[in-house]
Amino acid sequence: MNSQSSQIQYIWQYLPLLLQVLAAFGLGIGMVVASWFIGRHRNTKTKLEVYECGIEAVGDARGRFSVRFYMVAMLFILFDVEVVFMMPWAVIYRQLPKITGSQWFGFWEMIVYLGFIAVALFYIVKKGILDWSTDKGDL
Amino acid sequence: MNPQNMPDLIRILPEVVLTITGVLIMLFDAALPATNNRRSLGWLGAVGVTAALWSSLIQLNLPPGTAFYRTVQTDPFSVFFHVLICGIVLASILLSLDALPANQHHRGEYFALMVLGAVGMCLMTSAVELLVVFIALEISSISTYILAGFRKHTGTGPEAAIKYFLLGSFATGFLLYGVALTFGATGTTQINDIAAHIPAASSQLVLAAFALLMVGVLFKVSAAPFHVWTPDVYQGAPSPVVALMSTAPKAAAFALLIRLLYSSFPVLQPVWQPMLWIVAVLSMTVGNLAALRQKNVKRMLAYSSIAHAGYLLAAFAGLGINAIASASFYVAAYAAMNVGIFAVLSIAAGPDEKLSVIEDFRGFLFRAPLLGTLLIFFLASLIGIPFTAGFFGKFYSFATAIHGGAVWLGIIGLLNSGVAAAYYLGFAVKVAQPPAAGSAKLPAPELGVAVGLSLALATTATLVLGIAPTRFLSAAQSGATSFLPPVISDSVKPSTDVPDLSKVRWVR
Amino acid sequence: MSIWLFLLFSILKVAVVTAIFLGGVAYTVLLERKVVGRIQNRWGPSRVGPFGLWQPMVDGLKLFLKEDFIPAGVYRPLYLTAPLIALGCSLLSIAVVPFGSQDITVHGVKVFELADLNIGLLVLLGVTSMSIYGIALAGWSSNNKYSLLGSLRSSAQMISYELALGLSLVGVVLRTGSFSLADIVKAQSAHGALSWNILGGGQIIAFLIYITAAYAETNRAPFDLPEAETELVAGYHTEYSSMKFAMFFMAEYGNMITVSCVATLLFFGGWNSPFGHLFPEPQNIVIQALLALFWFIIKVFFFLFLYIWVRGTLPRFRYDQLMGFGWRYLLPIAMLNIVGTSLVLSALMANS
């Protein structure tokens, strides 16, 4: 924030972001709608079928799929939360000695935290959750 | 870490010890080859829990006080519950060492979950910041949700886990909403500070917050309108897990209840006292009447645990220290006998839980004399026969209620105990009957070292609490005194009409 | 300054930036086709206009005029929103990127940045992770097994690498103490290339992690499994035609540009000259601005070229290798990088 823009309230700095949202999605919608009206439409039954390299599609595509994807999704949530927690710590890290009154407190806190994360990572690796090529995983 | 933080660390030492133990178990479990026996991990857990128990006793050397920016508070009250919870978890781990099936899936995680659950339960009793309470509650709940579903190849195991999980998270949602409203009404979530802010707050908002908090807590103690999950969960969960989760999370939840009632919302006593009376009467009656009709042993004990929650809540009819002390004592007594009875059941029924209905236990005394005697002993304690823990628990609870002016509550409690005696005695008689002629001869269950230790722990506790309760009662009382300023004592006569607010407001 | 003037400037900036961005997307496609062509010892597009310069325009027009049909089995609401989300997130992420000197203002409005947010980096992370929805929904709603497989692979891959990506940024944030991209660039301006995060900031490991993870995030070679042509037809956009297909295409190249911009800002000193104050600064403010813009564009161009170079050189990963690499190597290394960075920072602070 420089001094010149301080005349505008901070919240207004989000206005261009909002405008960009409108522009981005408006552009997208506009393109789709325009091309829908410009292009010809000549539908046949075969044309509307699922394209699976010319082989007739068997069954529905929205069936069951490997449980590993769920495992990855769950692990992602856990570890992403970890990243989120680390962000504010990183921003304030240089002020931490002043806030806590101790030179190394912030560092050790994060070491303990990362230690737990590392244990979790070790655990999931050892349990074979990330072994995609073998079926030995302890799912 | 600088030295001035060390007392802070000591105030959470049991939790630290338990966390390290749990993480170590997890690590070793992952590092050990899959074919390796996981028994050693159970022993590691037992050692860790014992260490946590000792380290919570160390906290008695410190003056009562808070740590970590007033989020946790250690005082004799929290130490009492720490010791109790660690004892329960220790007994359950020892029990699981022998009572789990040899091919138990995820055996290592089982012990890790027990220890990590204990972290949450212990933290719940010492946390004095509602957000920390919430985190602790989640730690303990999530562990027990998973533990409840450990018999995952049976039909009832996953059912128990899912039911417990869905209802439990729903109730936790209530609690969290209550925390939010509390913050909205009073501007603080520090349990000890809330009371001071209540007079200035909007009374409707405070009442709503209080009600939501109570829903969350009463669900965890499985008191009457929030009890429906109990039978299904107890039936589906493995017996050693039931021994843990019918006692330890309840103890923690009662500790939280006491903290909330006496530290945060003493002003609302005219509101919560009648409410707890109603809940107590409902819990006793519903629990006992439903238990009468049960054929399945674990379902019967589940309903009886609802009834016991009712007996316990009756203590809150009393005022001041006595209510806290007798409630704490009851929790300890109930934990001792319930862990004991589920230990016997686990051993008797075997890892596959073959003996499930009461009829199966016919002639058990002849088949296994020692276990049969213990079973009858624990049943006697549950009935409340003198020289057992159950007797003094009920005695103190009802005495407090009558002393507090709720004579009718005491009478209802006594009547209910009579009803309860019917089904407990029915079970005991079945155990003592000679086996039916022509029935298949079942081998006597084996007693391992670990489970022997566990049974010895439970039996000793039940006996000591029943014969020489003074020591424990004084521990509970010192817990209670640490809780309240010494001004409020037994001598304050509770009045039946609305008490003078200025006198009742005990702000720490 | 009145809010209306601010609004007017903002609308102008949005229009100009979006137009340039889309133009950049179009010519990145041409650049890729040209460079990959040369790598493969052929010419690439050369017929339409001088050096094939009109090729992207004509391609765009062709896609625009093509028949847009919706297959019978799709779940229409999601099928239609998916390309919108993909393109929208791609266009949106450029909004917080500052691309020129922050000292240049007109009536107090910064010329070279759309939105001057102090949480720019977080917005960027949030918006890029939103773009997973576009791909996941496209694959699922298409009712095509190839699409579903492609989108599942892609979602798992993107979320796995997002962790490493997020962690690699922590080191940069540690050094700067701010989420504002402009501040991060300012922190690297002291001694030319020596104070860039990649050199003076000691973030070279973080940079390598970032660039690897970003390649996976944008589904580019060698991590282009979602659209592995040899296995999955075209992956998640198999069932898309005409402009909707083009939107996925544009989103991918737009993301490439954003990633290049962010890599430039975070690790390569943004618009700062690599020579620092070795040469005297020009007095004219316009030349200063153009010089800053020049350095920025050069660096972004370098990263775009790197993208294409990598695509032309490296073979595709196998899926289990891809996931294993992300979780077992990138993630722990990123964590170690954080430990190292904070350790050094603490030591430096203790000395000073």
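Which chain is which? They are A, B and C, in the order written, and residues in each are numbered from 1.
In the analysis below, a residue touches a chain if its C-beta (ideal position, glycine included) is under 8 Å from a C-beta of that chain, and two chains touch if they have at least 3 such contacts.
The structure displayed is predicted, hence computed values, not measured ones.
S.K.: If you average the C-alpha positions per chain, which one ends up nearest the average over all of them?
M.R.: Chain closest to the assembly's C-alpha mean: A.
S.K.: Of the pairs A-C and A-B, which shows more C-beta pairs in contact?
M.R.: If we tally the contacting C-beta pairs, A-C comes out ahead.
S.K.: What whole-Å value do you get for the distance between chain B and chain C if each is reduced to the mean of its CA atoms?
M.R.: So the centroids are 54 Å from each other.
S.K.: Quick one: report the Å distance separating chain A from chain C, using the average Cα coordinate of each chain.
M.R.: 14
S.K.: Between chain A and chain B, tell me the centre distance in angstrom, where each centre is the average of that chain's C-alpha atoms.
M.R.: 41
S.K.: Mark out which residues of chain C touch at least two other chains, giving numbers and ranges.
M.R.: Answer for chain C, listing residues that touch two or more other chains: there are none.
S.K.: Quick check: what residues of chain A touch more than one other chain, meaning two or more?
M.R.: Residue numbers touching two or more other chains: 104.
S.K.: Mind listing the chain A positions that touch chain B in their complex?
M.R.: Interface residues on chain A, with respect to chain B: 101-102, 104-105, 108, 116, 119, 122-123, 126-127, 138.
S.K.: Spell out the residues on chain B that touch chain A in their complex, using ranges where they run on.
M.R.: Those in contact with chain A are residues 1-2, 5, 23, 26-27, 30-31, 34, 106.
S.K.: Give the list of chain C residues in touch with chain A in this complex.
M.R.: Residue list for chain C touching chain A: 1, 3, 6-7, 10-11, 13-15, 17-18, 63-73, 80, 83-84, 87-92, 94-96, 102, 105, 108-110, 114-118, 122-123, 140, 142-149, 152, 155-156, 159-160, 162-163, 166-167, 170-171, 173-174, 177-179, 233, 238-239, 242-244, 246-247, 319-320, 323-324, 327-328, 331-332, 335, 338-339, 342-343, 345-346, 349-350.
S.K.: Of all residues in chain A, which touch chain C in the complex?
M.R.: On the chain A side, the touching residues are 1-2, 4-5, 7-8, 12-17, 19-21, 23-25, 27-29, 31-32, 34-36, 38-43, 45, 47-53, 57, 60-62, 65, 68-69, 72-73, 75-76, 79-80, 83-84, 86-87, 90-95, 97, 103-104, 106-107, 110-111, 114, 117-118, 121, 124-125, 130-133.
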